[in-house]
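Got a structure here, written out as structure tokens. Questions coming.
By letter and in written order, the chains are A, B, C, D, E and F; residue numbering begins at 1 in each of them.
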Amino acid sequence: MADNVFTIPTGFSVLIMRLHQINQLDYPASLETTWQNSLQAGDQVLLIEDGFLKSIQYAEKMQTLIKEKEITLYYLQSDAAAYGLSPTFGIALTDEEWVELTFAAEANISW
Amino acid sequence: MQYTLLITGSPYHSKACHTALRFIRAALNKSPDSIKGVFFYEDAVLIGSQVAQPPRDEINLTQAWQEIAEQHNIPLYLCIAAAVRRGIINEGESRRYELEQHTLAEYFQLEGLGTLVDLMNTTNKIIQFR
Amino acid sequence: MKHTLIHLNTSPYSSLACKEGLDLALVLATFEQPVDLCLSGAALALLSDTQQPTAEHGKNLHKLLAGLEFYDIENVYIEKNHSWLDSTTSWQGVTPLDSTEWQTMFSQYQQVFRF
Amino acid sequence: MQYTLLITGSPYHSKACHTALRFIRAALNKSPDSIKGVFFYEDAVLIGSQVAQPPRDEINLTQAWQEIAEQHNIPLYLCIAAAVRRGIINEGESRRYELEQHTLAEYFQLEGLGTLVDLMNTTNKIIQFR
Amino acid sequence: MADNVFTIPTGFSVLIMRLHQINQLDYPASLETTWQNSLQAGDQVLLIEDGFLKSIQYAEKMQTLIKEKEITLYYLQSDAAAYGLSPTFGIALTDEEWVELTFAAEANISW
Amino acid sequence: MKHTLIHLNTSPYSSLACKEGLDLALVLATFEQPVDLCLSGAALALLSDTQQPTAEHGKNLHKLLAGLEFYDIENVYIEKNHSWLDSTTSWQGVTPLDSTEWQTMFSQYQQVFRF
């Protein structure tokens, strides 16, 4: 699994698949770049709070990210209802499914 | 499998405490033993104020967390250093600093970061809300 | 008397900023101070007609928009082509400005406060 | 010519209260009558806590503002609605909400936003720190 | 003065020269664009707090901004000393000069 | 035992975040938990040797860097070419990573906390 994975000197040779929790519409530019660049194929991205609005305002950019980085994108049904807005892509989660996804991830990072 | 929640965002400046509340309700509903403890750090410690009075037409977030603690017997820890500097102080600390007032709400407790390390080592994962 | 621009740039459901900005606008208007609003970024979500926030999301501030005229707050600006809202399901009381107008707007008030 | 300072940033999450302190010291040094009042709104109201205990090797920001108020007779206003919801409460409000504790530090006073409008109309300009 | 100034329907026909107070190294992308685009020829920009670091990290971009927008850029001597960093452009202000500049501006905006 | 990455991204003089992040790193190390640091954005200012903050700016956290090794915190990463610091006047204990290393770094820890 880790054969051709580049590793930094931490000694870790395995990339841990993770769920990235994104809670802002706009991060400061350099942080926006950092979280997007840190995505690894197979990672999951969950939009919460203001982050949900990325699926509306930056719909195209997010769809490109999904394809290029080979990630899966999720958002919460309750956020869509709160804002009264419906994304045209991504997977909507009930609160219970949100818990399942979060617990099931190998690792979690909250950006 | 048990999990820890780490909350770092201010109840006024972020949605961390609100979102984590939605999360913990759904988690406990699904499996009542899934959360071992909740640790509040940085500005999130402001949630533990017994004095804050939200307007009557808004959610009382401190009270909502107290209900979680009471009904599910889940400890709510505030980082003591972060809390004391932000004015969230229990009776003991109040005496220690020779103050007349104390502000820590019931069901919240002041603990060092060592308690977070302990939760880290005795639960499967830490889920952060910021 | 100073003409004030209140610039809302944060989501109504991300912090108290949006609400406290609107509160200031309403108080200014109550004291008969001329005040305009402009909306950008996540604050545009305020305009969506079909909001159904839970108590945990926060107060539904959309309802306040209809009352702005009553307070003599007549100008609510957004930047044309920067709105990602469907105009058929969002509040009609806004005045869209083109880029040049938007950019010079900030220099036309004695006071600008962002929330 | 007199000016108003409006401070909106949290003492914990921003430098607004620190920067405004540097500014007001320099302003009063230059011309002692230049500042008519200071109005704290949004998270900046947290500066008015008498309970917050910063570590001894750090600046006590609340005390530094109190010294400004005392030495130069400058009123420090906290927006009452913003303060009450954030747990900065004087004795009167404490009784009104049937609480046992109050937290407002000396030299700070709770006022409505109307006081800011009044400052706006009786001073040359508002300078904001956020 | 206001003859060929474009005006929005506020009824104001005069652009008010102002001092822009910039206190972040990185604003969210859209806000960064907004404050930079809002600059008018003759405006002043004062870097404070984290904003001071713009003069180091984004030295080139800031110098371009000064030229293109015809603005004057200031920073505080005390911030330069605190960070132990010296910008190669812009005007350093003592705290007393900071007060003078702030009071003297026609209008002030804190981004 | 979980390997933790503490990501510092804010200026030591803009809020308590940088300090509270370092505090967590030191406590983790005290409890013999493996912990690495990485610095980006305004947090890079931490490295400058010639800092002289006033009390209003905040605590001089630069002084803590020299003690990290004592706590067995040996890895402090920055992104190569993203540092705007003069290497002759900044702390030498950092390990610069190239872009690929930096980007994969975040996926190599069980826990990442940003401050």
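To be clear about the criterion, a residue touches a chain if its C-beta (ideal position, glycine included) is under 8 Å from a C-beta of that chain, and two chains touch if they have at least 3 such contacts.
Keep in mind that what you see is a predicted model, and the values were worked out from it rather than measured.
Enquirer: Can you name the chains that touch chain A as well as chain F?
Expert: Output, common partners of chain A and chain F: B, E.
Enquirer: On a CA-centroid basis, which chain has its centre farthest from chain F's?
Expert: When every chain centre is compared against chain F, the largest gap points to C.
Enquirer: Once chain A is fitted to chain E on CA atoms, what angle does the rotation have, in steps of 5 degrees?
Expert: Answer in degrees: 180, to the nearest 5.
Enquirer: Looking only at residue numbers at the chain B/chain D interface, is the share used by both copies over half or under half? Answer same or different.
Expert: On the two sides of the chain D and chain B interface, the residue numbers are mostly the same, over half being shared.
Enquirer: With centres defined as the mean C-alpha position, give me the chain C-chain F separation in Å.
Expert: 39
Enquirer: Please tell me the distance, in whole Å, between the geometric centres of chain B and chain C computed from their C-alpha atoms.
Expert: Taking the average C-alpha coordinate of chain B and of chain C, the gap between them is 33 Å.
Enquirer: Between chain C and chain D, what's the gap in Å when you average each chain's C-alpha atoms?
Expert: 27
Enquirer: Chain E: which residues touch two or more other chains?
Expert: 25-26, 28, 30-31, 49-50, 78, 107, 110
Enquirer: I need the residues of chain B touching at least two other chains; which ones are they?
Expert: Expected reply: 12-13, 15, 19, 22, 81, 85, 125-126, 128, 130.
Enquirer: Please list all residues of chain F that touch 2 or more other chains.
Expert: Within chain F, residues 13-14, 16-17, 41, 54, 57, 110-111, 114 contact more than one other chain.
Enquirer: Which of the chains touch, listed as pairs?
Expert: The set of touching chain pairs is A-B, A-C, A-E, A-F, B-C, B-D, B-F, C-D, C-E, D-E, D-F, E-F.
Enquirer: Within the complex, which stretch of chain C touches chain B?
Expert: It comes out as residues 13-17, 54-59.
Enquirer: Which part of chain B faces chain D closely enough to touch in the complex?
Expert: Listed in rising order, the residues of chain B that touch chain D are 10, 12-13, 43, 46, 49-55, 81, 84-89, 93-94, 97, 99, 101-103.
Enquirer: In the complex formed with chain A, which residues of chain C make contact?
Expert: Going by the criterion above, the answer is residues 10-11, 13-14, 41-42, 45, 48-54, 57, 84, 89.
Enquirer: Report the residues of chain F in contact with chain A in the complex, numbered from low to high.
Expert: 3, 9, 36, 40-41, 75, 77, 95, 97, 99-112, 114
Enquirer: Taking the touch rule as given, give the residues of chain B at its contact with chain F in the complex, in rising order.
Expert: 6, 41-42, 81-82, 85, 112-114, 116-117, 120-121, 125-126, 128, 130
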